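Data first, discussion second: the structure below is written as structure tokens.
By letter and in written order, the chains are A, B, C, D and E; residue numbering begins at 1 in each of them.
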């Protein structure tokens, strides 16, 4: 297991290194001059040239990338934001907790309700409740998150005045965005749980458990569910990337200071260090979550635990 | 019987690289098949029967050894020679469900091997006639010519598989468990069909199966494999009347016989077939053999002739058969 | 927000926190590195300048008690005594000198556009409370001094650790900085040692709420007291709501349609005039700004000093426009591209302009670029039509709106229309050397008349400052740009 | 071991093509049928937009701005007095073409890569799939944003961005199916009958890859439409006055307080489009995947 | 009702609703089994063997399955009428079941010991520790070392898994074990091991057993009685000896003739023509009539009733009606 972990973590670093290279390359070829953006359009060409020199924007691509890596490795430093002149790491760390809280709460909501609904509809296949869950899940998957985020504000903040439409400090502020984000993944998870439960439910060992005289509830929970969990875990892992994207919309709609918004703004402002840092961080999150899902996988599936 | 060797295999080896070592799927196999003869290849699951069959026609590339087809080494054939060879040697697969492409019609399936020869590719009428002839030969009604495999039952599908193998007029056909997926009644139909075709078309068969009674019914000679090695090879009568290798003996005694009141001395093997990954030195059967001795665990027994055209790989069998 | 909704007036007398919502997050707290409105919004509570525009847009003393112009290039300022920085140090002339030096050094590169005029090397400290400020060329310095780049910072703090100082501003203003939560809020507390009249409330919170809807909803629910940049379509509702009200002011900001003047057919004044004639600016204002903006005939907006009020009507005559187009050799159905960046009002305006130009037989393709890409092309003069804006500084000094965007020496930096008229250049250069008075007034007005004739750009809207406040917030008046002063606000 | 014996149960003798079977199981699946019908209507709408829409998508009418839905303007009018119904109708052209073309891009590139990886395996496979893994480590939407930033906004660039960012999923699925199919006995049978590599890829592997791919495509188009709308929503999408639904939604957001209907209709349009595609995709999956049948 | 009958099935009908139509999986099936008796239940694929077994256990998935009519008496009580609770008490404790495929009948994520303990804890009032000890004892009984009790199924070979399943089914010393093709998925040598184990255990515990299979050899080995099933109903029922020596129903005869014999050489096998009926087809008269070589006019119109050839031997065929 530990060897496996070491290998995975090594792989994680390689992935991130290449991701950073790709992103760096993409940014390099992106039109738009950071110096102009920093200084504004009233600035003089000399000032901009000086700024470019100062930011190292005039060196060749590989040199710039090398400097980035050097700083990262030697100083654990992601550089300084062109725009705010603050360390990128600090910029990111300030906003990242909100994004993580948002994603985490959403995923908890999604997993708890998604799995429960999935189980219910699988067990009661073709029943009314199954139909309702299926339709609900389809709606959850198809409706654009930025739309129902808005509708939620319209309903809960404007019409009913129950929750504030912006900010992310108090639980009441967090409720709407977390719910909105959770709904989408919940739908995915519910459907996945349902179909993998249905697949497992037909297997011989389930019949065997019933033939033992086991109660149906326990058959479902102790035999079917644990096996059905394996594909569900993959979905949860994959959901995380999607969740970060959904979070980005909600950060915009609910005015939440988060990583997604920071990224969009930085991309627009050609604040390369922040973009790099953000991508770096997001990839790190995604890869770590993948690692965690793989470990959960191993915990659930004894076959994988061995190898 | 004609004694011309159509196929001769010498020291064939195929190892697969797997996670924790080398999997000895086929290890130093030698045998031959005469023209018009059926060689039965039996053994338990995973002992390398299919791998042997596949390496013979180079669906898998062998690691070592020679496969002489009409005295020419198949393993050294170049592309055009291979193309020629593929017309002469064909294969019928175990699973009539997965061995037919579900998207092709029966006509397309049967004519596929023909498409490699110019005379058929250009001439639609000829192909059509040939396919219809083949369908008739294997007992498929002509109206099925445009149906798709999923519309047919297992027996019919296997007939399609056979027709397809026969379409380029091969001399030699490898039959990889062609009946094991079928019910007894259908199985009987297919076996009869194969026997009839062999007679009519003077085919040579390599018949792979794990069902000894079926093998016995169809084969002239039988080779028994265990964990990638051949342990015994002789005439079918001899094997059933007087199995020499302890494994063959155990195998025979394990077959349930559908008769009442037959008294049998059964040797029930203990333990499971060991893993073929990095097998130890010595006789591979030694671990389960009730007669195993010191020597068996240390030296690998060679397949040797023990008279009467019988071959066996066991330290404990005397040079002359006991009769 | 942290603050609970204030339901009625009885509670508000006790209120000691003012919460302001702005639409964007500040970029920096370093006044010499700030060019953007949100940063200015967050620095005005903390930093102060030598002089200031009062609520009536007149120059008034702030850190300087009095001043005089010694000659064309030198000004003497007498500083206020007993002014303390938030770190307890007293403000001296040396701090002023330091601030100006810093603002004109590479550190102040973002404020170069204004501060570059100051010749820091020749500024002289006379004594602790007197300083002489020099400019390179004759320059209307006083009108520019309320600029954020001219803020006075503590020499001690900035000399020691500029980076820390940039994040933890230490100024002389009525509020002390407490914390800055990125993309969320900045928090301030009243400076109890303030030299002047202290604000009526103790805490100031400036929140970043990007969504205009949310800003309005939060204002309605009482979570915030003042909301900047209220969308025009919410004005009526906030005015009707007894709990909220709208404060508005005109401004020196304007949006314009740019045409690259050194490129055919835009180099033909007839063509430019034809476009002006084809556009019904009032209709644009009505649709895009829901009527809450004014027309300005030139970059000099009506509030500016020396506004030329002889010719203020928008020109709209599609028939004449067609004639002029014919004269300019533009055939019916010619297609042009209008490049804009993604700003809702600009996209809306472009949409309206598109349909108006269609009336005179010009097809307009709208190309929306990202902000970053937009400016790149602006510099290189790649565009045909474009829409841009000017005037973030917000002074009534007309030079601000005439020189940067149109003076020949500013090509390509800020003169994006590449207008280079020797007559116009001469008028402006001369006006800079002329002290305020009838002579300067004439020069400035002539410049405006020239622009009216030449139409190098079509200024279609003079924006209004629209700020929503709770009904119990008094004493607040929007400034001419978005850098409003909240220090005078109080709860009733 | 003859595990295969079990399969012998699945016998179909009635003469039905695969397509007919899919259709049949589709007919039984009411949700999928509903999806198919909605999708069909959408297609008709897109094709006949000029005949359906009562006004032009960019016809402004400054005297009739902000009209609530009425008989004259089914969905009301927007801030320029444009008829929202007409815009939504014309928008179907954009959204559907963005969805289809973007997916076409990713299927062609991803599918080819996946097929190459799956067929030749070993190093090539390793190289391609590691690269795909890396692309997958960047959240897809972020990747799309970055690509739009590089290329600039616009209809075509939007398609490219959405297309490129979903390459990995098609590469993966095609690779996986190629590899499964490669292991099928009928491929061996084809080799044994002398068919060459090209014949095998085109006659045997590709046609059999289609089932899972089609499912993925129909779900993928829904995702692509959503993603394109998302990009428009944050202002990186199609240029005005093109009636892209995401952009309409984004624009309508400013008027949500007094004129919420402006966000209802484009939102509903996106929703129904993706819903129908998801339903159809789901139905296809059930119809094509024997495991889920009972 | 005679009292020595442990299980008696009367007129059982089971149907499945499928896309193609209603499948009459079990049609008016009658069957009985006495104490300490082993019944072999033979038939082709799709004959309805598994369905019958599931009906006894009351595990027919519903939908799509439905028990249309019939009675299943177990120790005098109709299993189809009692409450779920009561049925759960019987499941596992009095009747236990072994499924066809050992690969899938064990839960892959539970330890072997847990799976055995589950059964014990459900039906015996003992604590976990005792249950664990008992589970180990059961494992030893089926020839698996108790050290391996905490392993997971994937660490076992097929034969071992099937033995674990047997251990589970024996855990509560049931009165009846239903074994659904317990060895079909196993190799011959392993099959021999498992069969001999089952035989020993059955004798030791004195349980009754229904052994479902399509292999007449297996039946010959361990059964006392045999029921031949065709298209959902039993066509012939007799003691093993009687059936093997005197197969009477044309289908039974065909079945015997289809099997390749080990002890005699024949050129061709006798086959039953045609194919088993489609599950959805309703055949009027005797279900076997389209394939029956002795088919009479009457067979196409009427369903044959039960004809007793002997006290222990009945057949459903008009050929014997008047004898």
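One rule holds in what follows: a residue touches a chain if its C-beta (ideal position, glycine included) is under 8 Å from a C-beta of that chain, and two chains touch if they have at least 3 such contacts.
Note that this is a predicted model, so its numbers are computed, not measured.
Enquirer: If we look at subunit A and subunit D, which chains touch each of them?
Expert: Looking at subunit D and subunit A together, the chains touching each of them are C, E.
Enquirer: Stepping chain to touching chain, what's the minimum from subunit A to subunit B?
Expert: Minimum step count, subunit A to subunit B: 2.
Enquirer: Using the stated contact rule, I'd like to know whether A-C or B-D comes out ahead in C-beta pair count.
Expert: Counting C-beta pairs in contact, A-C comes out ahead.
Enquirer: Per the centroid of Cα atoms for each chain, what is the distance between subunit B and subunit E, given in Å?
Expert: 33
Enquirer: Using mean CA coordinates as chain centres, what's the subunit B-subunit C distance in Å?
Expert: 89
Enquirer: Take the average of all CA coordinates in subunit C, do the same for subunit D, and state the distance between these two points in whole angstrom.
Expert: Averaging C-alpha atoms per chain gives centres 46 Å apart.
Enquirer: Could you list which residues of subunit D touch at least two other chains?
Expert: Within subunit D, the residues that touch at least two other chains are 1-2, 5, 8, 11-14, 149, 152, 253, 256-257, 294.
Enquirer: Return the residues of subunit B touching two or more other chains; collapse runs of consecutive numbers into ranges.
Expert: Each of 45, 153, 183, 210 in subunit B touches at least two other chains.
Enquirer: For subunit E, write out the residues touching at least two other chains, lowest number first.
Expert: Each of 45, 100-101, 187 in subunit E touches at least two other chains.
Enquirer: Name the touching chain pairs, would you?
Expert: So the chains that touch one another pair up as A-C, A-D, A-E, B-D, B-E, C-D, D-E.
Enquirer: Over in the complex, which subunit A residues touch subunit C? Could you list them?
Expert: It is residues 30-34, 36-45, 47, 50-51, 83-86, 91, 94-95, 153, 157-158, 161, 164-170, 252-255, 257-258, 261-262, 268-270 of subunit A that touch subunit C.
Enquirer: Which residues, counting only subunit B, touch subunit D once they are in their complex?
Expert: Result: residues 45, 54, 57, 59, 82-83, 86-87, 90-91, 93-95, 97-104, 112-113, 115-116, 147-148, 150-154, 161, 164, 167-168, 177, 180-183, 210 of subunit B touch subunit D.
Enquirer: Enumerate the contact residues on subunit D facing subunit B in the complex.
Expert: Those residues of subunit D that touch subunit B are 1-2, 4-5, 7-8, 11-18, 184-186, 188-195, 203-204, 207-208.
Enquirer: Under the definition above, what is the set of subunit D residues touching subunit E in their complex?
Expert: 1-3, 5-6, 8-9, 11-14, 24-25, 28, 294
Enquirer: Which residues, counting only subunit C, touch subunit A once they are in their complex?
Expert: 1-2, 25, 27-28, 30, 33, 35-36, 106, 109-110, 112-113, 116, 163, 166-167, 181-184, 207-211, 213-215, 217-218, 221, 223, 370-373, 375-376, 378-379, 404, 412-414, 416
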